[in-house]
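The structure follows.
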Amino acid sequence: MAVLEVSNISKRFGGLLAVSEASLEAQAGRITALIGPNGAGKTTLFAIIAGFLPADAGSVRFDGREITGMAPHRICGLGLVRTFQIVQPFGALSVRENIAVGAHLHQRARGRALEAAEKVARQVGMEAQLDKPAQGLTIAGRKRLELARALATQPRLLLLDEVMAGLTPTEVNEIVAVIKSIRDAGVTVLLIEHVMQAVMSLSDDIYVLNQGRIIAHGGPRDIAADPQVVEAYLGRRKVHA
Amino acid sequence: MKKIFLIICIFFLVLPLFITSRFWLGFWTTTLFFALLGQSWNILGGYGGQVSFGHAVFFGTGAYVSAVLQVRFGLDAWTSAAIAVAAGALVGAFIGALSFRYGLRGSYFALVTLAFAEVFRVLVNAWDFTGSGFGMLVPMKPGAASLQFADRTWFYYAILLLVVLAYAITWRVERSRFGAYLLAIRENEDAARALGINAFRIKLAAITLSGAMAAVAGVFYIQYYLFVDSHVGYGPAMSVNALLAPLIGGAGTVLGPLIGAIALGSLAELTSALLGKQPGVNLLAYGVLLLVILRFLPNGLMGLLKRAPRGSS
Amino acid sequence: MYGVLHIINFAHGSILMLALYAGFFLFTLGGVDPYLAILILAPAFFAGGYLLQRYVIAPISFGKDTNVLLVTLGLAIIFDNLALYLWTSNTRTIDVKYAQVFVDVGVTAVALPKLVALGAAVLIGVLFWLLMTRTDAGKAIRAVSKERQGARIVGISVEHIFALSFGLGSAVVAIAACLLLPTFYVTPQVGNAFVLIAFTTVVLGGMGSFIGALLGGLFLGVVEAYSGLLLGESLGQIGIFLIFIVVLLFRPTGLFGQRA
């Protein structure tokens, strides 16, 4: 049984069909990617999975349990956490305090949460910035913070939304290593990405979304060769980082 | 930080020994009163980021319930006080449940609190049971049993005790998971929900605590002045006073409301001394100070003391 | 002002109060009839509002919405208390001959000034609609309200547009004051009652909709009259506040509004 089972999700915004009968699965302990041209509906699908948007049709199952339409905080409590494409740091708080908010999901005591935050920061390579205010971070730092915060909730399934957008190639490589280590620690990852070299090197499984529909599914090599996918991207195989 | 608290506590404890005039005793009593009222606003507005423009609705409830219970039902002052505080908490929970359930945020929430305060104001003003236009007058019965003190110094110590309690509670909140969640909601409510925070419940808890604390201020007020009417209890003036102290002193900090209250009180005395006791002068000065702070010190006066950014962003 | 720019102007009532005082003094000291005063006060308040927004409100609030609310609150406090200090809280009224003229509208008799006010309100509504849809300035305002950054890119000065809108709003307030003066009174507190009523009108009628505001205003006027009848003079005011709360909770876009 897959950790996440999305079945025939559809979502309409007025006249626009943003997502149309999309189905995908995320297998335990593997990295699954959701790719597609801009505006394909990827973030909308994430928002639906994580409970931020109601679906018009279809269902989402997490560990076999129906979570369609559940409130976001409850879904997080069950072990499914998402990051945001447009980073949302807690600006006035320090990096440590930011991560601690995530850690508090399982740690009631302030002291323990702050300790856990320090550990997670080390895990993602942020320990040098622990006491800096979040609003002073660079875009790369904020993305990493977003990741760290989500990680602190000790999730089973991590939804990463374009966590590499706007990063330099060096930064991309660092994040790829971090994500791999997260996977190795037993967390299942579902990510939306545009940075193709990262997607190809990271993912075990890829779904392609175009205009709300899943048009392809397979391993990296199959997807790269799929003419429909190539066409959907208008011939752009590699996107500049 | 604990040391600073201790020093401040000691300062206020011994202060009455150095005061000889009734005037200055009243000044400090009133200042501490606004420090308490301001802290109640601070919990919801400063830490929680939910700016309220109608905080008088909680304050007035505390004052009126206490007055009505004593005057109309003959209850003793202490029981009335307890019930009044509970009433304040209840009103907080009610307004919070409605507003947050329907997702009111930011300016909308601020205006709705003002609307509620106005509704209450019109209600108590129209209802004979609450004294209608004349207000409520609690009979003078000096003695601890009726929570009135012939020697005004006791009132000073009473409000000091309340302030110490309220500030201690706020201090603990700041260092708890509840506080961390409140701040997260203030900074970014969606991100907070994504991290497992039940924003509705946390905000509801904050407004309930805030309402209770403001009601305590209301109880103190009625025992001190023995009079309240719709304008004093539920009017915009008290709502504005509730938010001025924390905003000027530093919203989202424990000591902000106290510093703000002291600054405002001093400013009021200064303007009276310079421009005479004309109506409206000190409020005028407050308005100017508010704009100055918003422009140059958005983190309030505490921002001058602390380097790290705290307080509402 | 709100519908287009999402500025919640707390000083709205205070500006009305200032305009009322201005009209009052023009009448008592200069013998200028309130309706004529419109010609003087509308442009004056337009300019004043423009400058206020551009050089006071905008710089202090750093563009954040809740800050704007606080800044305008500060301004309201300053204006209200300045008026209190300068002119005391004595109620002032003016006496114009035509205030006593009543017009028979079939069902009842209405005071002439109120009828004039109604006509003016409709006229202004139409004018604004034309302004928004037919002129360049109007289109610029709508562009800014929909997409601030995009408008900036095509060369529209956002600060100017904001100030323009604020100025326009202030001018309308000044006109309203002049229309109100014959049948109303002037005190420093007079603005307070109007702030919430104004917001309720906008919220009820819907943001960005002039028809909505017009109908909203009419509806609220009726509500106020009826609640006054049903509940008695003092309780009547509640009607408006309750409607405000209900609308905000259940239909924040109002009856005619566009998506917020």
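Read from first to last, the chains carry the letters A, B and C; within each, the first residue is number 1.
The definition used in the following text is that a contact is a pair of C-beta atoms (placed from the backbone, for glycine too) under 8 Å apart; a residue touches a chain by one contact, two chains touch by 3 or more.
Just so it is clear, the structure is predicted and the values come from calculations on it, not from any experiment.
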| item | value |
| --- | --- |
| Chain contact topology (line, ring, star, complete or other) | line |
| Chain nearest the overall Cα centroid | B |
| CA centroid of subunit A to CA centroid of subunit B, Å | 43 |
| Centre-to-centre distance between subunit C and subunit A (centres being mean Cα positions), rounded to whole Å | 47 |
| Between subunit C and subunit B, distance of the C-alpha-averaged centres to the nearest whole Å | 31 |
| In the complex with subunit B, residue positions of subunit C that touch it | 8, 56, 59-62, 65-67, 69-71, 73-78, 80-85, 88-89, 188, 192, 196, 199, 231-232, 234-235, 237-238, 241-242, 244-245, 248-250, 252 |
| Partner subunit B, residues of subunit A touching it in the complex | 50, 52, 71-74, 76-77, 81-84, 88-94, 97, 100-102, 104-105, 107-110, 113, 133, 135, 149-150, 153 |
| Residues on subunit B engaged by subunit C in the complex (per definition of touch) | 51, 53, 98-99, 102, 104, 106-108, 110-112, 114-116, 118-119, 122-123, 125-126, 132-133, 236, 240, 247, 278-281, 283-284, 286-288, 290-291, 294-295, 298 |
| Sites on subunit B touched by subunit A in the complex | 175-177, 180-181, 183-184, 187-188, 190-199, 252, 308-313 |
